[in-house]
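Before we start, here is the structure in question, set down as structure tokens.
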Amino acid sequence: MNAIDLKNLDIAYGDTKVVFDVNLSIPEGESFALVGESGSGKSTILRAIAGLAPDWTGDISVMGGARSHHVDRNVSRKVQMVFQDPYGSLHPRKTIDAALSEPLAIHGLGNRGERVEAMLTAVGLDQRFRFRFPHQLSGGQRQRVAIARALMLEPKVMLLDEPTSALDVSVQAEILNLLKRLRREQGLTFLLVTHNLPVVSFLCDRLAVMRHGRIVEVADVAQLKSADLKEPYSRELLAATEGG
Amino acid sequence: MMSNRDWLLADSPTSRLQANVGRAYRVFTALMRNPLSVLGGVIILVLLLTAAFAPWIAPYSAVGQDLGNRLMPPSAAHWMGTDELGRDIFSRVVWGSQITLTIVLLVALISAPLGLLIGAIAGYFGGWVDRFLMGFTDIFLSLPKLILALAFVAALGPGINNAIIAIAITSWPAYARIARAETLTIRNAEYIQAVQLAGGGPVRLIVQHILPLCTSSMIIRVTLDMAGVILTAAGLGFLGLGAQPPLPEWGAMISRGRTFILDQWWVATMPGFAIIIVSLGFCFLGDGLRDVLDPKSEGKN
Amino acid sequence: MDQQGASPEPAPGYAGRGLVRGFSTASGFVLTLFLTFLGLLAITFFIGRVIPIDPVLAVVGDRATQEQYDVAKIAMGLDQPLWMQFISYVGNVFTGDLGMSVSTGRPVIEDLSRFFPATFEMATLGILIGCALGIPLGVTAAARQGSWLDQVIRVVGLLGYSVPAFWLGLVGLALFYARLRWVGGPGRLDIFYDGLVEPVTGMILIDSLIRGEIDIFWNAVSHIILPAAVLGFFSLAYIARMTRSFMLDQLSQEFVTTARVKGVPERVVIWRHAFNPIRVPLITVIGLSYAGLLEGSVMIETVFSWPGIGNYLTTALLNADMNAVLGATLVIGAVFIVINKISDVLYRVLDPRAR
Amino acid sequence: ATPADALVIAQNIDDIVALDPAQAYEFSAGEINANLYDHLVQYAAEDTTVLAPGLASEWTADEAAKTITFTMREGATFASGNPVRAEDVLFSFKRVVTLNLTPSFILTQLGWSADNIDEMVTIDGNTVTIKWDGDFASAFVLNVLASRPASIVDEVLVSEHVEGDDWGNAWLNTNSAGSGPFVLTDYRPAELVRMTANENYFDGAPAMKQVLIRHVAEAATQQLLLTSGDVDMAKNLTPDQIASLGDGVKVEAFPQAAVHFLSFNQKTESLTDPALWEAARYLVNYDGMTESFLKGQMEKHQAFWPKGFPGSYDETPYYYDVEKAKQILADAGVETPITVTLDVINSAPFTDMAQSLQAGFAEAGINFDILPGTGAQVITKYRDRTHEAMLLYWGPDFMDPHSNAKAFAYNSDNSDDNYTATTTWRNAWAVPEEMNEEVRAALAESDQATRNEMYVELQKKVQAESPIVIMFQAQLQIAMGENVDGYVNGSNSDFVYYRLVTKD
Amino acid sequence: MTAPLLSVQNLRVSFPTHTGRVEVVKGLSFTLGRERLGIVGESGSGKSMTGRSILKLIRKPGEVTADKLEFDGIDILSQSEKQMRAIRGARISMVMQDPKFSLNPVMTVGEQIAEALVTHQKLPRRDVQARIIEMLHAVRINDPERVAKLYPHEVSGGMGQRIMIAMMLIPEPELLIADEPTSALDVSVQAQVLDIIDELVRNKGMGLILISHDLNLVSRYCDRILVMNAGQVVEECAAGQLENAQHPYTKGLLAAMPVINETRDELPVLDRTQWAGT
């Protein structure tokens, strides 16, 4: 079964269409990267899958089930999203504990205290962070909380929208390690957006390169490592990364 | 054993309670660092104490008339003089603090939550809900305020409680607009979307996530508006529709005293001072809160 | 974070666009106007219904016989069901007929053309005074945040919030008029100038200039200056405090630091870089407080014997003179909508982000 | 300063609704009317207590035939220059009864109506014959003819301004068409009234070329205007302001016909016990009030017809005595405490009076909840008989004791659908039938002395036993510049005259 | 190397917090000639504060002290605000970290650049215009005439950064502080922008302080590198020597970066407890 299937997907914001005719299949357990130009529609695709960009045509299915155009409760057990900005993705007036218990409360899951504790441990956060407010945490710590929150409902698919681009290298490394470990331990499927090719190389199996709202190339990470990309734009990206 | 202060300021609270109390304590200490807001706080505190201990503070009854001793200037026996029925103005001002406090509290408790809710709903749902609710709000906003209040007082009958309800009804639209504007900036925040993704419904989002964030600016705004509320009550008093006589409502006292303003200045001026001081108190406190509660400044450091 | 961030004020350009949003065309504006008016009328009508004052009594007085009472009631159309009354009123309004006021015995439209200009004149002068003083004070306070000057400006501003209007008005009259004789007394003109200029706009300041009556103009100025100053003080208080608060937000923005990095003089930093972006929210604030002044203030008008709309409306309401109440409410509602529309337009002009 | 030939007055005139004598009924409108119009007979400026010839130079009454014949004054003209004719009299009366606006009841009680007016009022050359239907004394009829709606208007002028079938009503509400000493030249509601002298006035042109009444609602503002010399006269100052006026200003006092009373609605069970009515009379702090905040503004008076007029009863047997009141209540076994609402107009001095009453009555266990309201609000309630206790005043419609006897001692049908604008009906007091009889008899009595005697008797009864506690008679205190002389203010607003005013 | 353009000794910046004053820059010392100095370090290590204190831009309640803070022989700390104005822009300028918030939203790009120029130099309007176009052109902006008339919200992040650079270079300062000038850009644009600065620095012979947390980037564009952690310099080395860095913190930073040819299963992370830190 494919974790994510996108067929002929067009996405618009109001009157402007920003993503055109995207077709992708991501098998369960795969880690897939979306890279490409800023503004090319990477985040938009993730948001459409999650139900946050409702204005699309085509087909989206997640874990074999067709997606509706909106967020719904059932899908939240299957797929969760982690956002780019660790500063904007936590409610400033809620403790970490509250943020993590909330998904459980929504779905009426019991044993909240223990689950929160366990999850904090899983993402490598000390228990003393549990009753802090977000502003008492560093960026990396917040991103861990955001990941923990996404994992609270034990989804199968994680949508990661530039989860490390706001962090500096040392913190980025921690988060990347965490993601890699979680994926291994829980058999998750990742759909990761980034513009950092080394990150793709570290974390992913395949990648798609986007430009102007279209996928221009889909490649294996092996191709990336061997600089064996076909499209000129993909090569341009690679060249810039390797630098002068 | 940790000292209380350490417990409050602990970096890693061990319970939800400690976390929240700690936050409140931080806000409080930050407030205490601003001299004007301390002054404001002291004024409000004095108001609270006066209201609570009015029977012990007031040297005379608030309604006891002494027609032989009317319109006496301030003296040792009557610190603020006496009014047109020979009542001790100081005692009336003291008793009046209870009414003022009631007005202020009730209006804050009725209109702010009402406005908050309407604004948050409009802002959160957008579209036709927003258009409808805001159209409604705009209509209320474009109705002359005093007229609206008057109409309600007239409809509900005179009396301080009705006056309070009337004022509350006229002041929610402003709060609704603020709440809506703020909700719009929050609505698309990622932490809201995260809850949506977790399956949280509109009620949960509005009540548990959006409202708490609008509350601080609402508290600020409400404290700043308190002066206006007291004055609106006084305005109703001016038209004779505020508190029922012989209640020592400050606005009604000034309004009755205004015919004496040229010759027996103290009758209107003393309660006037009371209003000014309390209003200033609220304003100072509100100003201080503005600096302290501002979510922008809190997110950092 | 957007420019105004989480400031407790309405977001810029919101400007009461509850219904306007989504309609930017002229026809949309007309529709908005129509719906808002209808809403206003409906609410006002409802208010008229619940007030325990019998409108017929306002016409016939308390000594009328039952027969006279009944005749008057029918003549006023009050025997009709409420919705019929409402429909026929709305119908009349759209043919320009606001009906007769029972408390003045004249057509409402005529009353409004007399009372509204008086309020308009005073409110306009008041808001001008408020802006002319309030904005510089607010900017200065923000620029010197924490200094003694800032504290003084804040306290003075807050006083404007807290002083009862009629108290200030009476004390002002007693001092500047009765004692010092610096200004004219209550009323719009000295009594022997009254009625000498034929109304054109209804605003004496303007009419007297149109007619070239300089004496009358100065007399009118001497009368209007005190009440306008009292109103001005109230709007000053509000404008100064909002200006200060907006300015503080701006001054902590990065682009202000950028300007300093360029070595730009402080004056330019404050006025060009910090002040320019706040013109938009400031206009909303000023617009709102202007609209508030145009409602007329019963208290100021009473104290200064000013024949303004606030007094008219209040008297009408207290006599259940519903035609007058509805008419005046319509005018005030229209003013509110127009002011909002203007601040909307200014918003587009002044803020490139909104174009 | 004000011009030497103009009288400038600060006054609250926002009560004016209409100035047409066929419609005007408010106080301020009455005052203005009195200076614009004449009547066949009138209480003249020179002596407002004597009924003097007005536009009729003489008259003869025939009690048996129920007619009075008036001879019109020679050479009298309207301000417009048109001569005053008998036709104008008929026209004027016809207008009032046909328009049938509020004040018309004063005329229609003579048995007149739009249908029969041509028979009831007949003209012959320069005489007018008035007929009435009902048991009235001619003295009563003359008083009716001196009342406001009986003002004589200029038929020729009014006819030019008729719109539809309004009999010139719209025009007359902002203009005048009378023969009085002044002409209305400008009226702007809630702003100003300007009257200019009628140089052709039959009794001599007034000294003041202009009378300007400026609407000033705020008493303190009136005071400032007066002390600054920008007005010559301030009409609505409070006693305390009057007391503290300095030099350069004088105060003249004018007793008024209005009486102030406290009444109990008989629909309220707890207020129906006559013992309570009696006790109430001992719970009013009459002197306390008249010596303090009512000083100079009201005088103790306990009967329905005001002091200083024929037929008045001036004894004041009741005084403030809480113990006595308690005793009365206890003897009658009235259960206390009683709590009732007290409706009152929300302006000074009424709210002060209410609070004083509240304090006094509370002593005997009668607790008032004061409900202040605007005039219109209070009246609405009063008319619906939904109040409990009411603090209000009453001014006679015309200066005949019957006007008040009818209001305070007559109620022929207390049923809910028989609305009557009397104090008795509105307080649901079913007047004993014998008292109703006495009122009718007094009205019909043609001998003036006997008639007055009968009214005194009626007053004694109402004073002793009724749910209406009459407390005060009003007095106006008018502050004016020291140079102002000759201002006449009779016992009610119909007798306010500026004709004799001089300034030097 | 000529006489130092800037010398800093024991620079300290502190801010008050709930728990007393906290130093965010703790005794920083370095000198700079007409060369390119890179400052690297993780987020919050005090890089921006260092840059700002050189321009005396730290506002109350922040506090700056130093044994020595001299620019071209001028003691910065003792300069009045007015004197500083003559230095800012004209002699030292700074590319602010985030163009989105650092450009005035209601002034056109052209006006803002012009302001930087005319504040220090009186020029006829036409010349000003010409210089702006020239400068925008220099930072590789296509169609500079059009862009000059745009408002900040109408330009992309990449353009914004280049405009910021143009604005700071137009008065031809002797020292440019560039604070994360490319953080908002995707990789391809990033390289272009840095090349522009580099070229200008070389051609005009000015000093450059390049602040970033990206070690590769800094080593590519600078002569010398300061590695900062928690307000202190932990290591100073020539750019070419970065691979041979001694300090474990620097090593840690280097190792933590994934590379394209990634074979590691796990990235090594910094053990923060080693450096008493944030």
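Here the chain labels run A, B, C, D and E in written order, and each chain numbers its own residues starting at 1.
Everything below uses one rule, namely that a residue touches a chain if its C-beta (ideal position, glycine included) is under 8 Å from a C-beta of that chain, and two chains touch if they have at least 3 such contacts.
Computed from a prediction, not measured in an experiment: that's the story for all the values here.
Counted as hops between touching chains, the shortest connection from chain A to chain C is 2. Chain pairs C-D and A-B differ in how many C-beta pairs they share in contact, with the greater number at C-D.
When you average the Cα atoms of each chain and compare centres, the chain farthest from chain A turns out to be D. Inter-chain spacing, taken between the CA centroids of chain B and chain C, is 24 Å.
Rounded to whole angstrom units, the spacing between the C-alpha centres of chain B and chain D is 47. With centres set at the average Cα position, the gap from chain C to chain E is 51 Å. With each centre defined as the average position of its C-alpha atoms, the distance from chain A to chain D rounds to 87 Å.
Residue positions of chain E touching 2 or more other chains: none.
Looking at chain B, residues 154, 157, 239, 258, 261-262, 295, 301 sit in touch with two or more other chains.
Chain contacts: chain C has residues 1, 52-53, 166, 170, 174, 302, 318 touching two or more partner chains. On chain D, the positions that touch chain C within their shared complex are 2-3, 6, 8, 14, 16-18, 25-26, 100-105, 173-174, 186, 188-192, 194, 212, 214-218, 220-221, 224-225, 227-228, 230-231, 374-377, 379-383, 397, 418-421.
Looking at the complex, you find that chain C touches chain D at residues 52-54, 57-69, 71, 102-106, 111, 114, 166, 170, 173-174, 177-178, 181, 185-187, 190-192, 194-195, 302-305, 307, 311-312, 315, 318-320. Against chain A, the residues of chain E that register as touching in their complex are 42-44, 156-158, 185-191, 213-217, 220, 252-253, 256-262, 264-270, 278.
Taken together, the chain C residues at the contact with chain E in this complex read 1, 3, 253-255, 257-266, 268, 272-273, 276-277, 350-353. Interface residues of chain D, counted against chain B in their complex, comprise 218-220, 223-224, 238, 240-241, 244, 285, 288-289, 291-293, 346-348, 351-352, 354-356, 358-359, 369-374, 377.
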